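The following block contains the structure, expressed as structure tokens.
Every chain is named by a letter (A, B, C and D) in the order it is written, and numbering of its residues begins at 1.
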Amino acid sequence: MTSLVEALRLAAWQEMERDPRVWVLGEDVARGGLFGQYRGFLDRFGPDRVVSTPISESVIMGAGLGAALVGTRPIIEMRIFDFVMCAMDELVNQIAKIRYMFGGQARPSLVVRMPHGNWRNSAAQHSQVLEAWFTHLPGVVVVAPSTPADAAGLLVAAIRSDDPVLFFDPKNLFGLEGEVPSVIEPIAFGTAARRRSGTSLTIVSWSALMPAVEEAAASLEARGITAEVLDLRSLWPWDEAAVLASAKRTGRLLVAHEAVQAGGFGAEIVARVAEAVPRIRVARCGMPRVPLPFSPPLEEAIKVTPAKIIAAAERLLAQ
Amino acid sequence: MTSLVEALRLAAWQEMERDPRVWVLGEDVARGGLFGQYRGFLDRFGPDRVVSTPISESVIMGAGLGAALVGTRPIIEMRIFDFVMCAMDELVNQIAKIRYMFGGQARPSLVVRMPHGNWRNSAAQHSQVLEAWFTHLPGVVVVAPSTPADAAGLLVAAIRSDDPVLFFDPKNLFGLEGEVPSVIEPIAFGTAARRRSGTSLTIVSWSALMPAVEEAAASLEARGITAEVLDLRSLWPWDEAAVLASAKRTGRLLVAHEAVQAGGFGAEIVARVAEAVPRIRVARCGMPRVPLPFSPPLEEAIKVTPAKIIAAAERLLAQ
Amino acid sequence: MPQTNAAHLRALHRSMCRIRAFEETALAAHKAGEIPGPLHVSIGQEGVAAGVCLNLRRDDRITSNHRGHGHALAKGAGVAGMMEELFGRAGGHCGGKGGSMHIADFSVGMLGANGVVAGGIPIAVGAAQGLKLLGQDSIAVCFFGDGAINRGPFLEGLNWAALYRLPVLFVCEDNQVAAFTRAQDVTAGPGVAARSESLGVPATTVDGNDVLAVDAATARLVAEVRGGAGPRLLQAMTYRHTGHTSTDPAAWRAADEVAAAKAGEPIARFEARLVAEGIATAAELAAVRAEAEAEMAQARQNALAAPWPDLATAYSDVLGS
Amino acid sequence: MPQTNAAHLRALHRSMCRIRAFEETALAAHKAGEIPGPLHVSIGQEGVAAGVCLNLRRDDRITSNHRGHGHALAKGAGVAGMMEELFGRAGGHCGGKGGSMHIADFSVGMLGANGVVAGGIPIAVGAAQGLKLLGQDSIAVCFFGDGAINRGPFLEGLNWAALYRLPVLFVCEDNQVAAFTRAQDVTAGPGVAARSESLGVPATTVDGNDVLAVDAATARLVAEVRGGAGPRLLQAMTYRHTGHTSTDPAAWRAADEVAAAKAGEPIARFEARLVAEGIATAAELAAVRAEAEAEMAQARQNALAAPWPDLATAYSDVLGS
């Protein structure tokens, strides 16, 4: 068994062994990274390929882009997602648009790693889930794994991809254990994983909320309600076909995510399905539109929990 | 008749006359602003209240916040929305969260003005429509007017509001003429305006796309299809009651917006209505998920146009 | 030292002791699992917070960073409210919604710690601009670390403050480390003072572990800033005794480096001087330390027993009244 | 001047004339409604683009800003592809998807203009880091204006380049104005050279309207940068003859200020010298100007007649192959 963060370490290690053009830059990466996801990289790959940087997010992001434009394949480590807000011009106006603006002359082949989500009561500036923003941003791939094997396989795919890939590390699941193959094969973007089969309803989720969703599905099943549970794994491209097929089968779709419900990616999924499947019943379960509070009981009160997912499922089934 | 940009100038002028705590900061505002929206302000209000700044977006945004925390009421002029990407930490991590993080000790009463949208073939870095992002961000009000009178009334409301208000100036409509009262009264956020009554379907839109929507509705009406057209005017809060009521009446909802369709605010509206109104028929009309190209025929090809809105309405009615 | 300011000297000592005791108490409480979330303490850096803040008026404003307990305490923030905030309780200054990284007490002009490095710089600059616009003579003081001088807002903020001659004092608390990286390994050029001067902000460098040096420099700089001379920057050299967070052993630092630094720590150093110059006896000073420790132990006990926030507050303070 | 580099001198002259002719042609085409979107021309600043780029190799890279036509031309970008790009035609370097603000020609190392002030700085720094990682000896040159030195990425980028001793030459094209605001009104401290030095990047200031001064300084700096000495900054003082955009009259500038600047414009000044030193005759130089004007007129005609992009291309170059 391997932890999710170790699986990510092994995946990046494998790719840096495989391709000398791959390198990593970010704060403290030469010391192994904030979560140990680069432990041992400095000794193995040296300071030119494992670059501990100043606290200069604009250039961490923008230098990764520039280095990609001359043929290297950087892994841009942003430490914690919230700090990406300090590098949005480089990400949104430059990385996402450069290939298109230049008519295909340039292809920024890079990965931006952004450990995100609720985590150990770290409050409003260290817990944001804004993955939905980037599904609305042309020019980027959005990946959000939930298991060690998926995290490893999707990171390998991200590093090998010629497109800019935004990789949302689920930091709250870094300790999650699972099997990881000794040779990590890439996992195709846009392929959902079915975690459970069922007929009563379809539940779609991803990233750090998956354990809560599976827990909810299990207790629903104990009461004879079987949910088909889909883990999207990547949000752009997303596996619309799998979601539509399942929703048609069950007739009911619940999308649950860690992010704020209003304007979250659940809205896009529900909208697509509602457009395509007449008479489908749809529901969402996300956070209220408030920043994440520090105090544990307050955080617990607004976080999406198995109980809230179960309640949403029951409301949906009652319709 | 008054142009929309002049209406905005009059609204800001009225409020600066009314309240000495109101001031404006941004690039070239002392020269009247990029669009003349502050013409004459320097002579009337002086250089301490009309502050032309360096090209320092982080501090334009962050200084506005700091000044609000000591009791002034800044209008933060960002020149063109896309440059807000250079000030996202200050907006997303600071302005939107400070009141909550500090348990209500602080209330950043400020307005961030962001002329946005497609405009004169200014290409991918000067045309973005990312309003949807901020409906997903707790702690901010999102305003997007489409007429001179609404722009003026909503700007007055924004300046008087104790909450941080993100004001999306529709730069492509700055030349649009309309009546504006000599004394500009505030318009309440969250109240949609009905632009047309109809029974065949409901069309919801806002901001710079409204003229195209009204044109589409007119030609549909010429063929006996009457659309109820709602202009949301503000996206957060948004007039859910009006949209639900209209959608229930007509049984069909089309949301059209200038932004990319995937993950746009249309998804939230469609999702809410689909959750609340069983068997409702829904559709969206937005841009494909591509950056805005420079070449006029290419821009025209991907922009939302009256023809595309009409086609979407016909598909919806055919269901 | 003239006896006339003996009271001030004792106040500096007491302030440092209270910060030290607060931080050690918080560390112990965090290790005991009483405090959730990340915790950054300022043990060893007390001379900067005390030396700067005791030269400020209550209506002066400060912005701080992630390591902000000392700044808040020295500026006069209530201890009970601070400790309860760290514990996430209802009585915290932020009602438990902020925690250690978002300590704020607007009633004493403490405009907030910040979870984003350099995040407090634009805010302090704007506060100074607002105060000037309102015609008030209070000033803004902006605390940040050596790590913040590599972020863009440092340049934008200093240029801006100099341009508009704003009443702001920038204080770079230079402990020569940022998280797990030495400042020297990520900072090119001669450093923060030279950067500051190049942006039109006169800079002064002092030994931050000599509270009297910090006190004297701050007194002069605050007078200049309040007098309308424009912004100033103070670089205070100091050392972070602990790891970056309460859970970081900082094992990568050489033991003798840490030992040497602890030998020069600001409180003992100042006490030796106070005794030598007859301002206070060792016994008096020990009593101050004991009193501070008792105060913080009491605050910890209260916080532990204090009620959690009403769950309804999770939804308040977002928009509207 | 030694005859030996007469060819180089003529190349400098020809490059400046071609930039001037391109800009005047583009201005006329924009006024005639043939070019959509915003247009920023560099008339009066030709000495900087030519003096810098003629010291570069084809495999050196440059990043530019919104006023980038001259940089692209001097680096060797094809004129037909540039003019067609401004016209939004299929044959443009970017297939019409970028336009004036996003001119790029990767085939000659021109990594792109930029619609965001200072947007090219992090990219150039990263390009230099990538080139170093790949063990290549080409360098990166980063063009930006005086307005960019007040944005955070300037500090972050220069500190970074100095830290890793990257092969990058920063060129601040200092026309002393940003849009409608004078640099002196928004820039505190002694200016870009002092900021650069404070960040560990040695700086040189030259008269950017003296193409020989730019040429000589660049030759030296490029040799240092390519030799592994680390980054350098060149501040080239110049003047923007036109308004900020093609539609801006810049009426706020005193007429005599503009007249004085035009009197010292780089091309006539260089021609006088070439004639005085017997490098070329006035007739030869006039012929070069005429040839450049004819070349650009031809490019305009071609662009006007050139096909629009296939509408399918609006959807390509986003993701996937």
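Observations on the model:
Throughout what follows, a contact is a pair of C-beta atoms (placed from the backbone, for glycine too) under 8 Å apart; a residue touches a chain by one contact, two chains touch by 3 or more.
Everything quoted here is computed from the prediction, not taken from an experiment.
Steps from subunit A to subunit B, taking the shortest chain of touch contacts, total 1. For subunit D, the chain with the farthest CA centroid is C. Computed from the mean C-alpha positions, the centre of subunit B lies at a distance of 36 Å from the centre of subunit D.
One simple way to say how far apart two chains are is to compare their mean CA positions; for subunit C and subunit D this gives 46 Å. Here the CA centre of subunit B is 40 Å from the CA centre of subunit C.
Residue positions of subunit B with contacts to 2 or more other chains are 53-54, 56, 58, 82-83, 85-86, 89, 93, 100-101, 123-125, 138-139, 289-291, 293-294.
Across the assembly, subunit C contributes residues 92, 94-98, 102, 114-116, 150-153, 156, 159-160, 163, 186-187, 313, 318 that each touch 2 or more other chains.
If you draw each protein chain as a dot and join the dots that touch, every dot ends up joined to every other dot.
Put simply, subunit B touches subunit D in their complex at residues 27-28, 31, 34, 52-58, 82-83, 85-86, 120-126, 288-291, 293-299, 301-302. Put simply, subunit A touches subunit D in their complex at residues 21, 23, 48-49, 51, 53-54, 56, 58-59, 61-72, 74, 89-90, 93-94, 98-106, 138-141, 162-163, 237.
Against subunit B, in their complex, subunit A makes its touches with residues 82-83, 85-86, 88-89, 91-93, 96-97, 100-101, 123-125, 128, 130, 132-133, 135-139, 236, 259-260, 262-268, 270-271, 274-275, 278-284, 289-291, 293-294, 319. Listing the residues of subunit C that touch subunit B in their complex gives 61, 63, 92-98, 102, 104-107, 111-112, 114-116, 119, 121-134, 136, 140, 152-153, 156-157, 159-160, 163-164, 313, 316-321. By the touch rule above, subunit D contacts subunit B in their complex via residues 36-38, 88-89, 92, 94-99, 101-102, 114-118, 147-148, 150-152, 178-181, 185-187, 252, 308-309, 311, 313-315, 318.
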